[in-house]
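We call the chains A, B, C and D, going by the order they appear; numbering starts again at 1 in every chain.
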Amino acid sequence: MNFAFTDTQLEFRDAVRQVLAKECTTDAVRAAFDAPAARTALTPRWATLADLGVTGLVVPEAHGGFGLGLVDLVPLLEEAGRVALPEPLAETSALAASLLADLDAAGTADARIGPWLESIAGGTLTVAVADGRRPGLPVAGANSADLLLLVADGPDGPEIHGVDAGSITVTPVPSLDPTRRLGIPVWEPSPDTVLVSGAHAVAGINRTADRAAVAVGAELLGLADSMITVSAEYAKDRQQFGKPIGAFQAVKHLLAGAQVLLEFARPVTYGAAWALDEGSPDASRAASVAKAYASDAATEAARVSLQVHGAIGYTWECDLHLFLKRTWALSEAWGSAGDHRARILDSLLVED
Amino acid sequence: MNFAFTDTQLEFRDAVRQVLAKECTTDAVRAAFDAPAARTALTPRWATLADLGVTGLVVPEAHGGFGLGLVDLVPLLEEAGRVALPEPLAETSALAASLLADLDAAGTADARIGPWLESIAGGTLTVAVADGRRPGLPVAGANSADLLLLVADGPDGPEIHGVDAGSITVTPVPSLDPTRRLGIPVWEPSPDTVLVSGAHAVAGINRTADRAAVAVGAELLGLADSMITVSAEYAKDRQQFGKPIGAFQAVKHLLAGAQVLLEFARPVTYGAAWALDEGSPDASRAASVAKAYASDAATEAARVSLQVHGAIGYTWECDLHLFLKRTWALSEAWGSAGDHRARILDSLLVED
Amino acid sequence: MDRPMDLHYTDAQEAFREEARAWLSAHAPAPRSLPSLDTADGFEAHRAWEAELAADRWSVVSWPEEFGGRGVGILEWLVFEEEYWRAQAPLRVSQNGVFLLAPTMFEFGTDAQKERFLPPMASAQEIWCQGWSEPDAGSDLAGIRSRARRSDDEGGWVLSGQKTWASRGAFAEWCFGLFRTDPEAERHRGLTYFLIDMATPGVTVRPIPQIDGETGFAELFFEDVFVPDDLVLGEVGKGWNVAMATAGSERGLSLRSPARYSRAADRLVALYAERLASDPERARRSGDAVAQAWMDAEAYRLNTLWTATRVLAGGSVGAEASANKIHWSQTDLAIHRAALDLLGPEAEFHGDGIDAPWLDGFLFALAGPIYAGTNEIQRNVVAERMLGLPRG
Amino acid sequence: MDRPMDLHYTDAQEAFREEARAWLSAHAPAPRSLPSLDTADGFEAHRAWEAELAADRWSVVSWPEEFGGRGVGILEWLVFEEEYWRAQAPLRVSQNGVFLLAPTMFEFGTDAQKERFLPPMASAQEIWCQGWSEPDAGSDLAGIRSRARRSDDEGGWVLSGQKTWASRGAFAEWCFGLFRTDPEAERHRGLTYFLIDMATPGVTVRPIPQIDGETGFAELFFEDVFVPDDLVLGEVGKGWNVAMATAGSERGLSLRSPARYSRAADRLVALYAERLASDPERARRSGDAVAQAWMDAEAYRLNTLWTATRVLAGGSVGAEASANKIHWSQTDLAIHRAALDLLGPEAEFHGDGIDAPWLDGFLFALAGPIYAGTNEIQRNVVAERMLGLPRG
């Protein structure tokens, strides 16, 4: 039993935090808000993340990455959430890279997989990944990614396809948070695009959903932390009735309640990442616990932060809304807290 | 539109409040707690209520009552809740008397109905009423009532029976609140005991359940008001950190939240009583809204009151627990808040 | 009063309802067909709609006929609101004036003021915004610092300072606001209630875009703005008392009519029924929340009728207004949260051709626990005035 | 530390688990077979059970062997607790001493004190109660008024005053408590931590029946009670610092082991499965709450392992202890509320031959947000120490 990140992991996280504090300011996030139709996410910031090794963290070493796992990536996803990073780090580097690495490890003969992995590690390829359990929905990032990993029904059940975004049309779907770059891919599955089918495809879809729960959960932790921190700072500064509003018990208890939720959401999320890397039998349930906790912690942090900010927080000028909107979108993405609680209950009954 | 009690109703309520403040002190409630197996509820206090006309309020004038409705009784049931009256006012005077009065009005030939109604008005008969929608459960008051109104399956569907408690065995079932006097009647339905069958019985069972939701809801309003009032008083007196704990925002907001729920539970309950008296098409749903609101308001008042009292409230010596226990028992009786919300939703969908 | 309880509307009230329903059915624009009232075009479109309402005396039914109303009571107003929301008619661009200023003006205004201001308010010729909060006086309104300096020569006051969160402030013709006329006085004392023509030299308006990107409110800057004596509402130095009457009516009965929530709750039930067919598992998980939200709206309706009856019998609305405000703001959020839960992954879809009334409604509802006195302040009021708890 | 994250217990820890499980399976009384520890008979039955635990060195596994423990670490203690709760073994009558006093004594006690007191504490020969709160010092512990007067002649202190809410106080042999040794000092200063033999002349005990009718705690009266110098724990006048170490451990890791809630959550899931068969509609309505309660217990388990790893690496538990206390007290209530909702009309059944563990557990859980520092106080601590918000 050793439930902690390594010093190396923590040092890397701190380095990434420093870089993002500089390169992903709220002004930068606002710029992404204002350019929702941008065709690519290949910003200089993304190149920096690639240079640091972040984008290829789980890419096998043979393809230019570090060959690490979700446990290594989770602290960085938390940092991405903390600054509301507009680029698709979870989709590209946690979901797509892990899925492609699985296919690579399973010896899938597809010649495109290696180069894709290399491009992910090199920071020249971003990927959107469809939630195979929810067919027909717009895909996050589809409106800006280079590669789409999509699901279609084939003769042997579901198939996972790799589709070059440049070769098809993507119909944009506006989101509350424009950086989500939602889109509906208009495409026809073909033997040329199929990557895996049958039982392996089902396993890939399920593993991807579990990883997404944890990866998005980690982003939500960072968002929650940011919102609570900025609100506590505001509460120390803002004076009403002759003292800082943070001295009022009502304000204290709002923020304390959100902080307690966040404190408990953290180990839950880290433990789920470990369970997925480890292939534990209850990894899927652990992933659901992580997403449910993280979604609830972040939506509560959002509610409380807006209340503490008051009318200021309701304005476009205040940065808070950038975090609120990302939180609301991500809390429903890849399953809401309620969806995951239903999954948890099902799995507990099966076990019984 | 005139949504208010009449001056007469309010004056009568005030008179009853005065009497109960004297005759139903917390010492008196404790005495009833300590004598859970008492065979009858015919206390001097019950005789006083009969003298005042409370027990026979809905009994037809021809049988010695006032021939009034649930709207008239609701403010008095609220007073009963306020003092945690141990006698079965809701069961005897709201449920049994109304049901028997309905049968009387429908011209049911049973010769016992008139005398029963007269005895209710006279204060010499208490009644326990089974929830016909939940067969097999212990009946509140069965362990002390003179008459039991029970439900059995007959050849034409459900039947309502009137059973002399003295003629059968009642197996006591201990409750969290001993004054509930729960018991399982051991009896055989016979043609001698049947009061009504078929569609009329079904209607009687449903109307009784609706009246119970409102009557018990009214008791819960009184309980909630008592708990909030006593807790606010305690919060004004109890000093910590050099000031009354009621000056702390955390304590204020706990009590304010409960008070807001109570404020809204009141008109909801009064409106439901009116709808039942009026025979409005949505009376059943209104009764469910009343019980759901009153249950939630009272359980929140209970939670908050215990928290405000702290350890003192957790002792047997403090009167608070008398109210807490009655609240917890009544909040589940005749349908919990969740049960009633499910009924409300069903009825809304039917309407749609 | 010894009339028995009766929750039926009278025949006359039902006839009034029929008349309103018929008129709205003939005149109301199609639901959500006007552009947002937070845009310049939308503002004018809403103004035009209210002029149409006013032409047939439906804009301020409870006002006396001389000012453009029908002289009906509060129950008839509630009936009208039920029909207005049932018809899904547009939001009221004149609501600050009609619901916040007008009750105060009826109580404190001179005859000349009423004659001058009420008719164009009723017809939406003149739209009012509220100059209440300041950057450093939000929850703590008594901390107002904007000042009015006496000018005996000119026969009036010279205003300076800054106001914020003025809804409709970007487009309004008039502003009502509180300024400190006695610089020596502290907190609630020495404030005066002014009516200010926004076209007066020295008034600058800075629109503030909201969380949804629209310009719901504005910041107002006053630099030596002259206001003549006849535009003081109520007594000089008694602005706090005058203002509190308005605050009471804002949080009390008149700003948020129950019909608004009843209508939203009915739409929620319809959404539930639809999703019960298309996504039954998710829908069932939301059943309890849907029922609770519907109940909350129903409780608000009943509580309003209960309070209205009391007010008609000569009673007043005190701290109950605070309980009311907590309840409606929570109800509005509960309705919209339940809807977004039902929508699940579709909840984030927004704008540009996608009709997202639930998301828009959610963003609007978010402001509820904040404006018109935060819910924290309201809970203090409930605790101190209804339960007698000591001030902090 | 650069060992990679690993949530498996080591082979040695698993072997320790097997040993504990085997011993408990052979020795633990049948679940709920002992009378309540709040009765005289039950108290002695629990004492006897703990003596049996101690005889095979299972009562205080994390203590050094010389005092009756096994010298194992916190992770092994957590493993032992998992097995203890899995076996549904009795509640620990010695918990005040073992979990609250002992950590303090290990840190501040003299060798003589440790040798004198720890072994009989481990074997439950001597049971301790806590003399902390006073009638006017509950949440505000610094308001303690009980005094200790110096007696140089006798070489000790003379205690007087009143303590309350002393769990186990009705039957305990010893008491640890805070008394004011410097009457001039205020608030946190001038307090001293005493170990008091309850048999000393001048000590009177008044048992206080609880909400469930049982005698869980007692009021203690001290009238000129002599305590010799060697029964002062830590420095004279520094009792607050000594006491706070105990308070930290109470709210932190050691009092409420995760296994307690994991076990209750598993029982809740079993109840849900049972009701899903017998009353599916009601059960389904509780599904979300059941899953949430189970998750809350699981989060508590993971957070404890997370904190334990940090503590083993030399870290400390600060304000996180307050977050912890809020979480476990809420989790305990959430588990029991969900169970009572599932039971519906059966929830009120109680006692006299009816086995009502859920209702009993609910009544017990109700105290959670109150004792060991109310949750309101804990939220202040989280806000002030984790988020840096200013004191009121």
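Just so it is clear, a residue touches a chain if its C-beta (ideal position, glycine included) is under 8 Å from a C-beta of that chain, and two chains touch if they have at least 3 such contacts.
Just so we're clear, the structure is a prediction, and the values are computed from it rather than from any experiment.
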{"item": "Reference subunit D; chain at largest CA-centroid distance", "value": "C"}
{"item": "Comparison of B-D and A-D by number of C-beta pairs in contact, larger one", "value": "A-D"}
{"item": "Centre-to-centre distance between subunit D and subunit C (centres being mean Cα positions), rounded to whole Å", "value": "53"}
{"item": "Averaged-CA centre spacing for the pair subunit D and subunit A, given as whole angstrom", "value": "40"}
{"item": "Where subunit D touches two or more other chains at once, by residue number", "value": "285, 287-288, 376, 379"}
{"item": "Multi-chain contact residues (two or more partners), subunit A", "value": "248-251, 253, 338, 342"}
{"item": "Parts of subunit C lying in touch with subunit A, wherever the complex brings them together", "value": "133, 136-140, 143, 164-165, 208-211, 213, 281-282, 285-286, 340-341, 344-354, 359, 366-367, 369-371, 374-376, 379"}
{"item": "Residue numbers on subunit D that touch subunit C, as the complex places them", "value": "284-285, 287-288"}
{"item": "Contact set on subunit A toward subunit D in their complex", "value": "1-8, 71, 228-229, 232, 235-236, 243-244, 246-249, 251-253, 255-257, 259-260, 263-268, 270-271, 274-275, 278, 289, 292-293, 338, 341-342, 344-345, 348-349, 352"}
{"item": "List of subunit A residues in touch with subunit C within their complex", "value": "131, 134, 137-138, 173-177, 180, 182, 239-241, 245, 248, 250-251, 306-307, 310-311, 313-317, 321, 324, 328-329, 332-333, 336, 338-339, 342"}
{"item": "Contact footprint of subunit A on subunit D as seen in their complex", "value": "1-10, 13, 75, 269-270, 272-273, 276, 287-288, 290-292, 294-296, 298-300, 302-303, 305-306, 308-310, 313, 320, 323, 326-327, 376, 378-380, 382-384, 386-392"}
